[in-house]
Every structure is written in structure tokens, then in C-alpha cells.
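Note that the chains are named A, B, C and D in the order they appear, and that numbering of residues resets to 1 at the start of each chain.
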Amino acid sequence: MSRTIKVEHLARVEGHGGITVDMMGDTVDAVRFDIFEGARLLEVLLKGKVYTDVAPTISRICSICSAAHTVTSLMATEDAFGVEVTPQTRDLRDLLFRGENIESHALHVFLLAAPDYLGYPSAIAMAADHVDRVGLGLRLKQLGNSIQELIGGREIHPVNCVPGGFGSLPTQAQLADLHRALQQGMADARAAVDFVASLPAADFCRDDIVLAALAGSAEFGYHEGDTIVVDGGTDRSAIPAVDYRTLTNERTMPHSHAKHSLVDGRPFMVGALARLAMRREKLLPEAAAALERLGLEFPARNPMDNNKAQAVELVHDIEFALNIVQRFLDDGVRPERPVRVQPRAGTGTAVTEAPRGLLVHSYTYDHAGLITAADVITPTAMNAASIERHFRMAVEQSPAKDDETLKRKLEMIARAYDPCISCSVHLIRRRDVG
Amino acid sequence: MSKPTVGIFGLTGCAGDQLVVLNCEDRLLELVSLLDIRDFLTASSANDETCDLDIALVEGAVLSDRDEAALRRIRERSKVLVALGTCAVWGGVAALDRLAGDRDRLLAEVYGEGGHGFDARPARALHEVVDVDLNITGCPVEKHEVVGAIAALLNGNPPVTLEYPVCTECRNAENRCVLVDDRVMCLGALTAAGCRARCPSLGVACIGCRGPVHDANVASALDLYREMGFSTDEVESRMTLFAPLAVGQS
Amino acid sequence: MLQLAEPTTLALPANPYQPHMARIVRIHAMVPDHYVFTLRFIDDELARSFRHRPGQFIMLSVPGAGEAPISISSSPTRPEVLELCVRRTGRVTNALYRLRTNDMVGVRGPYGNGYPVETMEGQDLVMAAGGLGMAPLRSLLWYALDRRDRFGAVTLMYGTKSPDMVLFRDELQSLVNRSDMRCLLTVDADPTGTWENHIGVLPMLFDHAPIDASRTYAAVCGPPVVYKYVLKRLLKLGFSKDRILMSLERRMKCGVGKCGHCSVGYRYTCLNGPIFTYWDAINLPEMI
Amino acid sequence: MKTLKLPKSKLDYFASVLQAFGELHAPVERNGKYVFQRLERWSDVRLDYDRTVIPPKKYVLPPREEMFRFDSRGYTPVTDGLDHRIVLFGVHACDIYGINIMDEVFGGKYPDPFYETRRRNLAVIGIDCTPDEHCFCRSMRADFVDHGFDLFLHDIGDDYLVLIGTALGDDMVLATAPLFTEITREDVAEYKRRSAKKQEAFMLDVEIRDLPEIFEMEYGSDIWQELGDRCLGCGACSMVCPTCYCYDVTDEVELGSADGVRTRTWDSCLFHTHALVAGGENFRESRASRIKFRFYHKQRGFVAEYGRPSCVGCGRCITACPTYIHIAEVISRLRGASDVAIS
């Protein structure tokens, strides 16, 4: 007997998607992560834009990771023009990434994922019984946003980030305020770990998950690193970031405007869990303790653990941000202007870790600084195949369950990946313009 | 007064304007307590998809038949339809496709031949498809404008809209003029105010993310930009970023 | 060194922007979107002492919506309440229409020069109004009727598009048969067939009224087209431009000559108007 | 007017004592521009500034000011901060003239209590200046002021001649009496020498004699259309003008209540809504008519009302206009003069 399990509109995710699982008796026939997001074609529309306008345009791919898109885009452009930014700019960009990660993880853990675990349709409904927990999440989210506002000039689509550096720099008074906020945030982050630890276990499928993350920087950071490491549990391989193409092997799927990535024909997962798998030894002490407390297992076998991994990163990022801000308070902020950017013909690539995982921007410019080709690969695009794989495994694990139970599981798996569907659509294929 | 029923929707966009609502962290619980939010897919999995709505906040542009059908349904069930954000008000970055020509070719360029079957249409602003009662522009919208608009609507009044450009706010902030003093191509004079001159206050040129101000003197600005020596490429690139049609038409 | 005492609470000097709260005592749905609101100040003393001249206006506040200038339609000869004839058009007026009897609004004023009634007394009076132009003229009308002995011949000419648009219809209809004045009412067209007065455009009413321009003041108020044709008739009748009085509308945000919006040429509509002679109007650019 | 002498070397000390009379504000540099703002340390002051972006009007008519709080009982005036005492140090003559003009507008038959309270709490310390290529205050008879300041400082080399304009100014001097000495004949001679030299420094002159008549006659001039085509309608000129005072008033409610604040914010006659009334009628629909109105009101309308043009020749609108609309040039062109010095 054939049966179809269908989630029409996947709620509490960014963008428009659905889930379809076709079954024949107890065997899964086909699994689809449907994506209905309209095609904005930013990829081709970008063509001919002057380099200064590229980052602000491409950041509109997605709001939740707009800071990552912006900085990654700037880095790719700077790489193409051979521009070297100052260490201070790198630190500030790092701080911005932390702010975004804190905001994004707090949003996801508390407002989007937690209601699943506690049996509410939304954080709004959850607030009726758990107002302090929702409030905790909102405070952490606000902390992340206040970093983005200060460094990026806006919480979403940062305007202060320009090629070569920043329009304006934070003042000592602003940094001192931020430092205070971060110190308070540390307590909140600990509470967040307690909260996540208290959530009921979610275990819908077991898999030897293949993970991929950026490595190569001394610290547990997000935008500095030159190697992509792929971890298959037992085997590890390293790919130079510029050769990111060997990592992905895209297919356009008929049911979605997104494209799927595979490594050696196997789906892989990117994001917080992947980062921890690869770099957990670089965590700062509080975060390391949180990792311990949450009992994350490695090699990773449960994709739902991504939620826990996000909680660990929350702690780590606040700790790390405190250090950066403290350094600025001690040494002062140098009154730097953005370094001069002189366009030239060429290609540049940047690979970073957005909140949801690996993000690649690669551009080609002509001598006048007009963009001629662009290639953007987003984390959710990379995750799509893995999401479908885990849908299938979850259903196969308990095929006899009723539709509603299965649907709930599928939704929770999808949300554990914190998918950003707007992002997945804007997988940009390299186009060489003749 | 009973709470107004509200729906918050996203068509095709970056979800930034919905995120702005969620980013009103310190006021979010207050906000949701004043409204009877019935339909908000991005935040809730229990939605009433058919009930009448007093207020519908709609983000994003219309890029597919699916978007269009959704928007028409929203229009039918809502008293006040608010276009939220530059994509909804002006078409936003995606509307560049209206200037770029053959859509099938664009689709094929991105998705290969498989792209032809997609439900994909040229980007349209909401007002091109249905009647819109209120526009709140911005990419993304500004929190104070969203909260102010909801506060006004709760009292039955239309919110106050600013009918002057970013330059005005920029001067009031006593900024150094990016255009005149630094000779960087700033769109402040053509762009609708409301962001409190966010970018020029940071020393960065306004790139027009809020779309054009009513009565924008594009012809004079073009002359000026040319006189100042900006290249045609640069002028065209920047002026078509967020509201390409508005520029295309003037 | 001078030590200024640090004041604890700050008492402002007289505040011309201060709205005084008034209660809506009656709402008369006269014509769709043209209601008459009768207001009485909460403060009895103020209600009794408030005086205005015909042609003056107040600034009406609906809290939350804002302020708008509105002519006082009632005559100072009938004090204690203010009657406002308000057309529903925007923020403030829409909000006003949502209010009910007993709700409160803010009022400050009266502002503007008003009609120079002292000068006009002893002379004949012609009032020509189109549409909402009746609102300020009604005050002058009743001023003259209540002090009938102070004026010579009194003529009212009032025109609207159709019978259902006639403001103060019952009241004006009752004047038609009055022997001590001439009340001429017209509509552009009467699709209902119930109109028992004139049919035709406003200037046509001049054919029905003998007017001696040398001893008459003409007060005109209405939309631009009314001015255009009525002024022509008046000049043809030999009116001096000084004897033609017009009431002008401008955007106003303060009513007291500060906010700059009502500036016409070198005059402020709120201080030097809203009543201007035709001669003023000719000399002030952009006046009409 | 009582005039004393203050050694320049003692200026910082004098300024520190002035803080007893109110919060000290002065021109400081910000991103290469000058702004009046609270002085955090004396070394920030830039007494050699050319012009601030926004004139002192922001102290008496802030860009956004809450006038009333309203609730179900009515409107209550907002008085917070109105009596905050400020000593504004280093104001040029044209700007003091600008304040004097604002005083007239906000006084009159209906004195504005918000303005007047702020004004009463604003002490003004003037300082002389050297004109640059955009200054034409002399043409507008605003290069000297005889009132509107508490003290006025004239640079005579190693000292300042200090004109004492008000009783408050006198108290300020008395507070540090030992710093001040009587002026000598030589001081006066030096003042005259410098004053004459300043006259030579003017690079921009316009003739304003019979300007109202010329404005009337040139009402239909083609120049207005040309300017209207160029004007971006950004209102920059109005914002920066010491005597542009148009404002808009709006009621804003607070979230979740019917209570709120009535605020006024700066407005500009260049905005298309400035003369828009119900029914969509706009008395100044075209940009040409709006920019004409701005000049007309300053140079002609104001004369009829207050006996002088309201422009003080500070040159701010010249430097602020992105399309380089130049008020002095416009005046000269209307006059038909070709000999105007414009850089």
C-alpha cells in the first residue's frame, strides 16, 4: 500500500519549504525536501555591478546570515583585487561574525527549535508557560544583535562593512557598554546550556555523519581559515579552500530551486555540529565545560545534536567576544580608514563559516571593477542532501508510526539543520561571461 | 477593544523584515500581547490559514505564481494590507530582472535547462498585483517604523510617513556629506528618509535601500553624478540596486 | 557671581499651542462626510468667555491623530458652544469621525483675522459660497441675522453640485422665505427631482439679486472654481477689490505664525488671514 | 557697551569658569566638519572654525522637540530640559543675527513658550571671524551685531576685547574679574586695524538694495525653472539655515495605548508636502515654485514682515547644496549683475 507523508509548509524556518516522503508499505520510496522559494536570480543580476555594490546586493540572499554573506563577499572581492585588510579590521569582522552567530543560534534554539521539544507550536505560545526561557533567548538574541548593530551598523544587512574595512569604528564608550552586556550575557549563556540540557532527548536516526567545516586558523573562529576538512568519522580529508569546487558536486533537483551538494557521492553536513567535531579542542574553557555538560558524542551520529552544538557555540562566542572587546579596551581602537581598494581584473574566493555552516563566495571582476562572474555556495544548499538522507533514515527507523508522529519527526530533523531556504536557492553557479 | 487579528507573511525575499519583527527583542512579548497573531509561518507551526485578518504584514516580492496566489488570498482575507520592506514596496533587488531581459535565458543560466520548468516570474512589487493600504519601506524596515506603524494602526490612524529624502536626516545629524565633501556617490537625495541616515552617519554612501523618495529629481541627480565624474557603470549599478523600476520609469 | 535658583518644576508662560479639552455634545450627520460637530469646553469658565469673530478658525486636536485648522461655523452671537462643519478627508478628520458624542477633542484659538465686521456694519452684505465654503460663511450669516439692524440688505448665494450635498439644508431652506434677507440656493443638477430652489451654477444666482456694489461687502468662499467665476461677476458689478473678501485655505501646523506652512508671499494665512481682500490676493503670489 | 580686555592665555580658564553658568558648548571638529556640541575638554574647541554644519538654532528649536504628552485627560506640555542652561561659546556675528531673527519670529503676538524658555537659558558668547569665499554676511548687514549676545570676543592679537552685552555677561566677567583689564587706546586702534582688514577679506558681495522690488518684477523669471530643474528637494539648505524655522507637528502614539507625544520636527518649503492641502491641492506643486518661494520668503517676504531679509549671509546653504545652488549667485543674476565674485 502506498502512502505519502507530506508537510506542506515547513514552519519556523527561514523561507518556504516542504517535505514529501513517498512510501510503499514500510519501505521509503522517495524523499523530497521541497523548496518553493521564488527564484531571485541574483546570480545573473549581479553581473555588471560595480564592486562596491556587490556585497550589499548579495547579502540580500538571506537576512539571518547577512553579516556572513556581506563579509565573505567583501573578502572575495578583496582577494580578487589583492587587498590586504588590517589586523584590526580582521578582529572587528571576527567580532561581527560572533555577534551574528550569537543572534542566529539564540533565535534558532529558543524561538524556532525549543517549541518542538516542549510541545508548543511557537515561542509565542511557549512564552505563556515559559516566559523566562523565552525572555532568556530574546536577551541572548539581543546581545548578538547589539554586536551587529555596533560593528555592522545594522542588525541585518550590515552597512558599515565596506571593501577594505569599516566606515566607522566603535568608540571606547560603546565598547565598554558592549563589554558589560557581554559579561551579563555570559550568565545567560550558561543558563541557555542548562536549558538545552533539560530538553528531552531527540533521537530519530543514527548515521555515520559526514561533516565538513573550515579549519586552519589557530582559533575557533569563523572567517579565517584556508582549509576545508571533511570528516567521515574514521577518515579525514583536507581540501584547500580555493579548491572548494572539489567538495561540491551539484545537481539541480526537479523539486526545488536549490541544488544539492555531495562529496564523493555522499551527503555531508555543515554547521555548528560539524565545526565542533573538527575543532572542539579549540573551545574556550566555559564552552568546553558546556560541551561536556551537554554530552555531545563524537564522532557525531545524531543530527539533532546540532541544537546542542549551537548552545556550545553560544557560550564560546560570548567568551571569545569578551576577549576581543577587552583587547580593544586595553589597546584602544586605531583610527583606521578602509585600506585603499584598487580594482583589477581577476578572481577571488573566500570561504567562511556562516552560522549554518560553510559559505563560499567566489567572484571574477574585470579591470574596471565590474563583476563578470559569481559563484556562491550556501550552507543549506550543502546540507540539502544530508537533510533528505536523514528524513529517509528517520522514517525507515520507525515506518509503522502514524503520519502525525512521522511528520513531527521530519520537521524536527529539518529544523535541527536550521535550514535557511532563501539561502539554498541562491546557490550561484559560476558563469563565465563571454 | 478586542485585539486585532494579524498575519505576518513572506513572499520571496530574504525574510529580513520578518526578522526585524523578531528583532524587537525587548518589545516582542509586548507586541505579541497586543496582537492576535493568527498566521506567522516563520515563527509558528499552528496557523489559521483562512481566518479574516485586520492587519496583514507582507514581506517580499511576487516572484512566482505561487507567490501571486498567496498574495491574492491574503488580500481577500485582510482589512489592512501592509507592504513590509523594499521588496514588497518596490520589488527590491530581485526586480533587477525586469531590466535584465529574457527570463527563460536567466533561469537557464542559473539552473541549466532544468530551470525552464520552474514556477518563476519576473519580480513584482505587491501594489502591482493587489491594492496595498500601507507601505513601510526599508531593506530591511526600521524597527521604530514598524512599531510606530503598529501603534498607529492599533489606534485606527495611518502612521506618519516621511516625505523627504535621507539627505534631510543626514544634515540634521550634522554629518560630513559623503557626496559633496568626499565625492563618493551617495543616493541620499533620491532615497526616502526614515533610516535616520544610517549609512552616511557612518561615513558610508547611501545606496538607496529604502527606494526613491516621492518627487525624487533623478534627472538632476544624474547630471550631478556625471559632472562629478562618476562612471555611467557606477551610476547605473547603484541607482538600480533596490528599486530598479522606479529609476527605469523616471 | 549670580546664582540662579534652580527651579524645581518649570511653569511655562502662556502657551498658545495648548489645546483645551472640549466635549463633543452633538454630531449631526448632515451630509455624508460633512458632519457638524458641536463642542463645548470642559472648563465652564472658558466655555462662557470664549469669543470669536466670524471667519476665524480654531486648531482642532484629535489626540493621536494630530491637529487641523477648522473654521468656526457658529456665530459669536450664539456663544457657549462651537459648531464645526468638518469634511472627512485625512488623518485628523477621519479620527474625528470615529469619535462619539461625549468624547473629547482639543481646541485652541480662535485664530486668524476673521471678517472685519465693524467695517462691514452699516453696509449691504453679499455672501457667496460654494460647497464647504459655507462653513466659515455660516458664522457671518448668523452674525448678520442676529444683528440684523446693523446691516443693510443681506444676500446669501449658495451652490452645491446636487441637493444631497447642500450643507445646513434645513436651516438655509427656512431662510428662503424670510423677508429681511435674500437666500438663494442652487444646485448644478438635480437628479432626484425634489429640489425646489434654483438649478444652475452659482454665479447664475447673481441674476436674481439686485446688488449695489458701491455700498456692499462681498464675502466669498469656496473651491477655486467658485472664486474664478464669482469674482468675475463681482468685478462686473463694479465691486472695488477692497470690498471683496475671500477666505483662503492653506496647510497650517501652528495657527500662530510660526510653522511657516501657510505663508503666501509675504503674509501668513493664519495671522494676516484667512480673510483677505481680493486686492491682497492679487498682490500675494500663489494666493489662489 | 562696556568693553574689557581678556588675555588669550586666560581664555581656557575663563571658559572653565563659564561652566558655572551652564553646560559649555562650543564649535568642535567632527570628521572634518564643525559642529556646536558639548565641550568635553577645552582642547577640543576650534575657534578658527569657518561655519558649523547646523547653526545655533538647534539649541532654541531642536530638530525634533516634544511639545505635549497627551492622554485621555488632554495635552500636558513637556518641559523636560527646557531650562537646561547652556553657554554657547564662540558664535559668529551672522549666527547671532540669525538667533535675533528667530527671536522675532518666535516672539510677537503669540510668544512660543518652548522657544522662549530655551532661549532664556541659552547664554551666547560671540567671537569674531574671518570671512571665507562663501560668506556674504556684510551684504546682508549681519557682519556686526549689537545685541543677542552676552559677551562678544574680538581678537586683537594677544588679547580679546570683550563686549559685555547683558547683565548675565557682566556676571560672567565679574566671576573672574581679575582676568579682565581696561582697554587702552592702542587696543582700540588694533581693533580698528583688524576690523578694516576683515572688510578687505570679503570675497562675496551682493547688493540687496531694492531687492524686494526686483523679486516682485522677476517673479516670472526663467531662472526659477532652471533652479527647479536642478534642486533635489533635499531640504539641506533649510536644515542648515540659521533662519529657516518651518516645522511640522505630529502626534505619535505609544505602542499599546492611546497616549503619546505631540512633536514638532524641522520642515522645509522645498518638500512637496509643504503647501499641500486637502483635496490634493498643492499651492507649490512644482519644484521651481518651491525654490522660488524659499528665496522670495527670505529676501522679500520677510522684509515686508520684519523690515529686513531673513538671510544673514552665513553661506551654509551654498556649501550644503549638493547641486551647488548658490544664493548669492541667484540674487546677482536676478539683479542682472555680472561682476559678482563667486568661487
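Keep in mind that, in the parts below, a contact is a pair of C-beta atoms (placed from the backbone, for glycine too) under 8 Å apart; a residue touches a chain by one contact, two chains touch by 3 or more.
Being a predicted model, the structure only gives us computed values, none of them experimental.
K.L.:
For the chain pair with the highest number of C-beta contact pairs, give its two chain identifiers.
P.N.:
Result of the pairwise contact count: A-B comes out on top.
K.L.:
Where the CA atoms of subunit A average out and where those of subunit C average out, how many Å apart are those spots?
P.N.:
Each chain's C-alpha centroid was found; their separation is 65 Å.
K.L.:
Centroid of subunit B to centroid of subunit D, CA atoms only: how many Å?
P.N.:
37
K.L.:
What whole-Å value do you get for the distance between subunit A and subunit D if each is reduced to the mean of its CA atoms?
P.N.:
Result: the chain centres lie 52 Å from each other.
K.L.:
How many angstrom lie between the centres of subunit B and subunit C, each centre taken as the mean Cα position?
P.N.:
42
K.L.:
Can you list the subunit B residues in contact with two or more other chains?
P.N.:
152, 155, 157, 203
K.L.:
Going by the touch rule set out above, which residues of subunit C reach two or more other chains?
P.N.:
Within subunit C, residues 64-65 contact more than one other chain.
K.L.:
By the touch definition up top, name every chain pair that qualifies.
P.N.:
A-B, B-C, B-D, C-D
K.L.:
So in the complex, the part of subunit A that touches subunit B is made up of which residues?
P.N.:
9, 11-16, 36-45, 48-50, 52-53, 56-57, 60-64, 66, 107, 111-112, 115, 121-125, 127, 131, 134-135, 138-139, 141-142, 145, 153-157, 159-160, 162, 167-168, 252, 254, 257, 259, 368, 370, 411, 422, 428-429, 431
K.L.:
Hey, which residues of subunit C end up touching subunit D in the complex?
P.N.:
1-2, 4, 7, 9-10, 12-21, 61, 63-67, 87, 89-90, 104, 106, 223-224, 249-251, 253-254, 256-261, 263-267, 271, 285-286
K.L.:
For the complex, which residues does subunit D have touching subunit C?
P.N.:
By the definition above, subunit D touches subunit C via 20, 67-68, 70-75, 77, 79, 82-83, 85, 105-106, 108-114, 116-117, 168, 171, 174-175, 219, 245-251, 253, 258-260, 262, 264, 267, 269, 273-279, 281, 283-284, 289, 293, 296-297, 300-305.
K.L.:
Any idea which subunit B residues touch subunit D in the complex?
P.N.:
Subunit B residues touching subunit D: 27, 30-31, 33-34, 147-148, 150-152, 154-155, 157, 160, 163-165, 167-168, 171-172, 174-177, 179-181, 188-190, 203, 213-217, 219-221, 223-224.
K.L.:
Using the touch definition up top, name the residues of subunit B that touch subunit A in the complex.
P.N.:
10-17, 19-20, 22-23, 25-26, 28-29, 32, 37, 40-47, 60-64, 66-67, 92-94, 96-97, 100, 106-107, 109-112, 114-115, 117-121, 123, 139-140, 198-199, 201-204, 207, 209, 231, 233-234, 237-238, 241
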